[in-house]
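Shared between the two complexes below is chain A, which has chain B as its partner in the first and chain C in the second.
What follows is the complex of A and B.
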């Protein structure tokens, strides 16, 4: 049975508009112009328990709006949404006990006091039994290496430290589902990897279902078995990353280093991207050309020092998907 | 510990973090109290006619105002709540297993209690030992003191219910400036924060009687001095309760409507 079911969800916002300039500003005092922006249109999908789903799409596509509807913050205009038997916006108070949410661009920690005070406040808000709180706090402190920063006021933490604390804060009450809205935004490589590892662990060991939005395709590659792609408010793709790869990813690049004295050669059907003495980069379609054979033919030009075969980065795949759907 | 108590504790911790602000607050309160009493003392010496309140009653009124300033002053608004609505952090508020009206109400009470408790005692210590005519008089009777405490506390509940309406209005206006200014000017005056209500002209007193504001300041303070008698005070506490129920019901209903159309600002 699916844990999360969305059926025909739609949501539109009224946006005030005015042109620049003083006269326009005065006019807007009396007459406001509004345009209706359809943020979501007929969004339907289901998520099973224990899945990690990456929710992607360009800025303004409706990712955050969907997350906010699923976490009970926004009320949609149309459609139904059932999560663990609850309708988030109707059963909000009872429902939100079972979910953890991190909005990467906001903070749920109290700015002026040490992190641990915020954690204790959350313990009281969720009425977490002392034993469970202790256990979760110890586990999170260890996994996210919080021991050194937990007694520091939030305003003195770096972004990476704060994000680790934010994620810990959203898991203190043992949620079954974790919604992460851009959890790696603005983080350095080390913090990103720490966050990803943690998400994977919490999913594997505690069975927490994770739905995350991100613009960093490395997050998706590292974490998500499944991708939902949204553009201009409609769902465009629902499937695995490897499916996406096999659809678009047959194009490969091969970089060849030759030992001294050899000169790179041309192979029919293979496009040469760059060539210098001792080194050449080619691109080819792996459906049409066999890789072993290609290497054999390339080695005819001289003794090979190194061969590197690469797939196009996921970013490029996504970009092609966006282009195909004109978003 | 449950959530409201815990919020209160958090508030105290935050208040203690900024000791200099509390100290400055205490000095401001003493300064304004002294200036006001000076003005009233001059007015009472040079005006022979009998006034509706004695100077002693006015002195008590002024010092109570300064001591419990943070509890009952209407325009002390919590920037954090405005920030939640206009900055979009309301998203996190709605992810918590609580109903928003009661918890915001509790937050307002917590903010007021925390800031009053840091100021009330130091100011009280000073004003009870000042020389006459500046010295703070004792309550009219033990019964008056008890009723004063009750009236002050329900006044606090009432102030919080009134300011909740201002916070809720921000869901529509997206800027606290207008609603705060309107409520601050009107409420402040009709509460008796600027001039005690008995010293107002008759028509103004009638108007003040029709509004909820005077039940937050004027009423409890005059119970302390005995200007309002015991029986009248009991009836007054009843009226405070009726206002409280009406304002809280209105607030809860409006909040429900606001949340249905909530927009999280800033994506």
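What follows is the complex of A and C.
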């Protein structure tokens, strides 16, 4: 049964045109010129309970707008949206009890006080019963290793520590759905992995449905069984990562290290991605070019020290998808 | 209401993190309006005061409005500083929480440095009360308290209107200060010293007159009609607050459909 259903959601914004200069600014006080920007056009998809969905797209594609509509902040112009039987924007107060939202770039914690104080205030805002609060707090403290930082003021935390606290804060009230807007932005490798592991765990063990937006394709690779891609306000791709791979998977990369003195060469039908003295990276279609033959030809440029063949990183698959749809 | 106090306690803790700055700001809040009050004293000294008003009578009016202003700035600061919330995107955060917007905006900010101003107002009120030849009956004491509460309500209404304005633009906010700071400056003197239209504006549109001047007449035994009417005048501030809250709702609805 689907937990989230969006049907033909559309949303456009009126954006005031602003021009530079004092005279223009004065004019703008009285006459405003507007352009209509279509942020979302006919977006439809469903999400089943317990899924992790990666919602991706270039900046300005409409990701945040969709998240805002699904979390009850924004009212769309067209279409219907049913989440757990609620229409988010109509039943806001009752609906938002069931969701957790993390806006990666904006904190929901109170800056100058220890983290635990913020948690306690959230307990009061959500009216979480003491027993459940205790249980969730203990669980989250353990899973996210917060014990050492929970009494520290937020302003003294590192970004990674803060993000762990943000995620904990959004789960205190047992939400069924978690919306994560760029949860790993700016984090170091260790924190990223900690955040990903945690998301996987709560999804598996507590059945929390997760919708996350990200620009980091490793997030998608590590977490999302399913990708929704949006570009210029339209849904362009809805499917699994492995499908995407098999669609573009014949594309391989080859990295060649030459022994001293050799200069990388060009091979017809093979695209060179980067080249420095002694090292070159190429990409080619393994359906059309034989790998042994390619290595032979490359070795004509000098003695090879190392050769590495790989499938393209997810980033590139996505980039191809963007290019295909010209977004 | 309990939640409001929870918000208050977390923000009080926050502001106590910067103790020196807090104390200095409190001191500033004490002395700035006190200087204005001192100026009023010297004016009375030099020129013999306002026609029909003694120094202590005027001081009572001054103290009531200053106290109401200080309380409003401290406890309704969330609306006063609402543009920050809009600019930084904090309002989206409020909307994903299962509470009404009014309580959450109220709880988003407090300005405890206004304690300095409250203390200052209390001193002025003390001077006025001790210097007035008035019999302080329970009715008059209640009226005085109602005046202060009514004043807080009027200032709150103006803050809410100004905050609502932020849903349309955050550029022209200074306009609202005409009514908060301007209103305070006007209403801290007995309103009958101004031109008729000013008095009318601040009685029927923004009812500062109803919380300061009119009930003041009752306290000073200068009423011209049933006392109860003068005593109850501060309640008119509620009539001002209700439409402000209604406009706020419209603003929130607009925000949620435009996202800006």
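Going forward, the second predicted complex is superposed on the first by the 270 of 327 C-alpha atoms of A that agree within 3 Å, B and C clash if a C-alpha of one lies under 4 Å from a C-alpha of the other, contacts with A are read in each partner's own complex, and residues count from 1 in each chain.
In this text, a residue touches a chain if its C-beta (ideal position, glycine included) is under 8 Å from a C-beta of that chain, and two chains touch if they have at least 3 such contacts.
Quantities reported herein were computed from a predicted structural model and do not represent experimental measurements.
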First, second, both or neither for A:161, with chain B first and chain C second: neither
First (chain B), second (chain C), both or neither touched by A:68: both
Contacts of A:97 with chain B and chain C, given as first, second, both or neither: both
Which superposed partner A:117 touches (first chain B, second chain C, both, neither): both
Touching both chain C and chain B, counted on chain A across the two superposed complexes: 13, 68, 71-75, 92-94, 96-97, 99, 101, 103, 106, 108, 110, 112-113, 117, 120-121, 124-127
Footprint of chain B on chain A - complex, ascending: 13, 64, 68, 71-75, 92-94, 96-97, 99, 101, 103, 105-108, 110, 112-113, 117, 120-121, 124-127
Contact footprint of chain C on chain A as seen in their complex: 13-14, 29, 65, 68, 71-75, 77, 89, 92-94, 96-97, 99, 101, 103, 106, 108, 110-113, 117-118, 120-121, 124-127, 153
Residues of chain C that touch chain A when the two form their complex: 2-3, 6-7, 10-11, 13-15, 17-18, 88-90, 92-93, 95-100, 104, 172, 256-260
Parts of chain B lying in touch with chain A, wherever the complex brings them together: 1-3, 5-7, 10, 13-14, 17, 88-92, 94-99, 259-264, 266-267
